[in-house]
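Two complexes, one shared chain (chain A), two partners (chain B, chain C).
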Partner chain A sequence: MANEKFDAIVVGAGPSGNACAYTLATRGLKVLQLERGEYPGSKNVQGAILYADALEKIIPDFREDAPLERHIIEQRLWMMDDKSYCGAHYRSEDFNEDKPNRYTIIRAPFDKWFSKRVVQAGALILCETTVTELVRDAHDKVIGVRTDRDGEAIYADVVVLAEGVSGLVGARAGLRSIPKPDTVALAVKEMHFLPRETVEQRFNLEGDEGVVIEAAGTITKGMVGTGFLYTNKECISIGIGCLISDFTESDQSPYGLLEAFKNHPSVKPLLAGSEVKEYAAHMIPEGGYKAIPQLFGNGWLIVGDAGQFVNAVHREGSNLAMTTGRIAAETILDLKTRNAPMTAHNLAAYKARLDESFVMKDLKKYKNLPKVLHNKHLLTTYPQLLSQAAQTWFRVDGVDKKSKENEIVKSFFRTRRVKGLLGDVLGMARGWR
Partner chain B sequence: MSTETTTPVRVEDKLFQNRYLVDAGRPHITVTPHTVPSSRLLALTHVCPAGCYTQADSGQVEISTDGCVECGTCRVVAEPYGEITWNYPRGGFGVLFKFG
Partner chain C sequence: MHIVVCIKQVPDSAQIRVHPVTNTIMRQGVPTIINPYDLFSLEEALRLRDRFGGEVTVVTMGPPMADASLRKCLTYGADRAVLLTDRFFAGSDTLATSYALSYLIKKVAQEWGEPDIIFCGKQTIDGDTAQVGPGIAKRLNLLQLTYVAKIDEFDLAAREIVIHRRAEGGIQILKTKLPCLVTMLEGTNDMRRGSIEDALRGARSEIVTWNAAEAGIPDLALCGLKGSPTIVKKVFAPSPRAEKAFQIEVQGKTPAEISDAVIGEINQRQPGLEQDIQKMAAGF
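Take a look at the complex of A and B:
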């Protein structure tokens, strides 16, 4: 392999790396993909929701053989306090469509499938191979990589870093910094197995229909974070995550948080009788627009989680990963066609294309939100106020409705005062804009 | 509070579900020798999702990487301060997620 030269080397076989390698290989480029896991997916963790649109743009017929779990027909958003949740649910028959928009997936089998498609497209993949460093020429252009396989350099015109949120290569080469504790969340997750019929009965589902729950509130004990519960065919993925900076300042453990979430009275019955088959943890980039590193340079590009491409508000990540992987590949293909060298100047087209896509537009929209979310009242005080308000409203106890209304309004002003309420509302509005 | 578990959560019971290929004798993370642990190292004893970090009776923070799930949290917290060294396990070794 030392004597071989590739058009492109892709570091990592997650959604962004696979999207990139597939797009390059189908158009005839000579691609080498390097993955440190025993098989693609063995190191990867996600909730997981697949957004069809992003994959459809790469593999239009993916539904024919991709290992999909359930198509999502119902989304539940829960604001939780210790004893209750106050929810907004949206369920529609429209989501039972020929080509559903969102699916739950299980990452290990899904990544294996995606990788198989990459190989069929003509790329060469080496697993159990950790990239240790980038190789540069005298002009500081990246011209290849070294691995822990034999230490010899492997050369390519361009190296795409799809190495994930905690990738080492980019940081060691000084292309990006190690993520700061307040720009990444740590999430833990368990897989709870149940008979298929039980999942369907508990969540009011038929066939391959699925429900997802996103939850926030006192479940994160004052830290910035969220919980989730996704239905798969025969199991439930349940997890919770918070900013690492919040974890370090607290005395909470991630597994303690997960256990408390599982034992919440609104969650416990959904998991009753299940068998846990795996416990996983992963970091999630949450820094948004302002945490995005330099994305291109002489002979290199960064895609996916390594580039902090996660829309934390909408819980979107895999679609941003696939889209950045695809756009990186299209940029490379365009330069190849024009016989243009993979210089920083030419690869800047990648960033320009991203700016025109939903990826950057969405991240830019929420660029101030991470700061706003650091307001601890949002996830502690308000869920409690909301729960009290709902209970006051729904409990029938001889108190007249006007008095109940007054009591609810007063509870908000008493707790947060006019100034606090105004500040919270304005802060949210500014962050959302 | 009645809704919370009263017994402490044992992370070992959770890790027991997972598959690993341990690279015996070659830990991919090491703690830099110290006499008094920093607040960051102490935080890792509860933040590490696999409970790899523990405080010895003598006060120092130690690591056992066998149950590591390779999330990178300790790298983010402590590596920039030189308090740990952090690498991925050699290719093929470490945690093997069946589901992920």
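Take a look at the complex of A and C:
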């Protein structure tokens, strides 16, 4: 048993690790996956929306047995102030398609399902096993890992770090630094159980149709963050998150924010009568393109949240995790078939492939956005102005429409002045480009 | 030496809820665990094996998904795991369960040698009857030691065992002959953490899976619902205890301030606690 060697060791059994281990194992590599949780998914928190495309590229027939909740046919974007929301809703029958594009899922059963597929593909998985350090040879190449269990180190040609946002193993080995507080959000989430019919009535749904609400505004009390509400079959996931750096500067607690969000007059009726079954908190990497650490080196690769692969604007994370996991696996498989060693030089192909994919292209597009969002007016002043404007517009009170228009325009200028307005627009435009 | 350990996969009772209206147990989505009592007997079995050599075989009767608990036993260091699973066993009460398990153990004995000792937990956390162990002992005509708190002596050559047994009003120290069946109390030991080698072996091992016919169970009419005279008349939730959990409101910003405030509040409500902890700490 001593000096047992694998083709690859994958650290972590979240979406990125599972995607990587599955892709490697189906192609016949000897894969060991290590997960510190009691079972895959036991530690993981997500909203959660599953983007089908990323998974389909790995397991084309996943719809046959994956535990999916509802496919999303309606998206609501809400700008909220303390009493109101001003929203854009998009609902289309086109989303009731053969192979829907987005689903709500519950992470624990989903991760378990994914992991079962990984085992069936031939990988070996050890749960309740935490990787404590990387083992290196005389040339500083990573050649294996040590765990918190007694016994020998385990060796592999390459170690894939799919360890999630904290990136501790990589940081401890000096491959990267620990993410900074202004690049990581803390999100809290609850599951509210309701009878299926109630969920369907409240959200105007039939069968497995689902609705997603993304919300921003005064609900985050001036901090950078968003709230969300997703419909599952028999429950509603609701959560809110803000940058850790903002939490430390303010006297707000994550739980306090969630309580206030739940009690917002527009949200409360949606949850009425539900039973809360689960409360969870988790970090989300939100530093974007500029926070991405070194992704490869001699004998190692970083995938998923550990590499800061989250598109905060579009709330995409698990799909980037799966895609980076798959691309890492394809890079390794390619080197294996060519009998090329897993050196930094050869593994650089991983980064090159990522640059060509939507993952890097999207993150690059928004590379300045995290800074723009730090403009407090975006999430407090504007939602309030918007709400006032809407109210002025809709109220019928004997004031003529022309005066109403003038009042609305004036309110914007009064509050932000010409320079402020222009700066905000330019900043947004630049961040978006 | 050959040791057989009976385990049961049970719903994690800490996470079970009783439906407020219908009073039925809501098992959906509740994670399953190894019956906690069975971990004490498994650890005791592993210790004996480590001292005297031999093999530990873990067995369970349950649905196919019970293999997860068996695999876990392998990662703790058990040598072999056997799952008895068949639709005929659905709805078994303790009579039918001990009937099936006794034949399963006979079959295990044929395959891998007569057990010198069989372990069960004192009871399960879902059925709570504490009847299955004695039921097996009776059917296999074995001596039985129930409510065992500690194994004092184990002499394989003399085929003798001496144990502490918790009894009403005191502790009995009993000696008996091997082979015998032991049901272990809680808190008797700490479950080990398997080494990385155990974990790898556990992940790789096949779990021996038998149906009723393969296990050689002679009379299916004595199994499952058919073989179970027990009728559950009513399930109800006991009214909550008077002593309620309370929420501690604290001021403070830093984690250190908050934890200090929480500890201060607890000490105020439980005056003797701090002293007890100090005493305990001094004992280490």
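Details
Here is the rule we use: the second predicted complex is superposed on the first by the 428 of 433 C-alpha atoms of A that agree within 3 Å, B and C clash if a C-alpha of one lies under 4 Å from a C-alpha of the other, contacts with A are read in each partner's own complex, and residues count from 1 in each chain.
Here is the rule we use: a residue touches a chain if its C-beta (ideal position, glycine included) is under 8 Å from a C-beta of that chain, and two chains touch if they have at least 3 such contacts.
It should be emphasised that the depicted structure is a prediction, and the values quoted were computed from it without experimental measurement.
Bringing the complexes onto one copy of chain A puts chain B in a clash with chain C.
When the shared chain is aligned, no partner comes close enough to touch A:Val31: not chain B, not chain C. Looking at the shared chain after the overlay, A:Arg149 reaches both chain B and chain C. When the two complexes are overlaid on their common chain A, residue A:Leu243 makes contact with neither chain B nor chain C. Using the contact criterion defined above for the overlaid structures, shared-chain residue A:Asp251 touches chain B and also reaches chain C. Look at A:His282: by the touch rule set out above, it reaches chain B but stays clear of chain C. In the superposition on chain A, contact of A:Ile73 is made with neither chain B nor chain C. In the superposed pair of complexes, A:Thr129 makes contact with chain B and with chain C alike. When both complexes are overlaid on chain A, the residue A:Glu4 reaches chain C alone and has no touch with chain B.
In the superposition on chain A, contact is made by A:Asp82 with chain B only, not with chain C.
Note on the chain A alignment: of 57-65, 183-191, 219-227 or 255-263, the part of chain C that runs into chain B is 255-263. On chain A, the surface touched by chain B in one complex and the surface touched by chain C in the other have residues 128-129, 147, 149, 251 in common.
Of all the residues in chain B, the ones that touch chain A in their complex are 1, 3-5, 8-9, 11, 14-15, 17-18, 21, 39-40, 43, 46-47, 49-51, 69-73, 75-77, 79-80, 86-92, 94-100.
Chain A makes touch with chain C in their complex at residues 1, 4, 39, 124-126, 128-129, 147, 149-152, 154, 251. The touching residues of chain C, counted against chain A in their complex, run 68, 75, 193-201, 203-204, 253.
Contact residues of chain A toward chain B in the complex are 36-38, 41-46, 48, 82-83, 106-109, 111, 127-130, 147-149, 165-166, 168, 178-181, 184, 186, 188, 190-191, 235, 244, 247-249, 251-256, 259-260, 263-265, 276-283.
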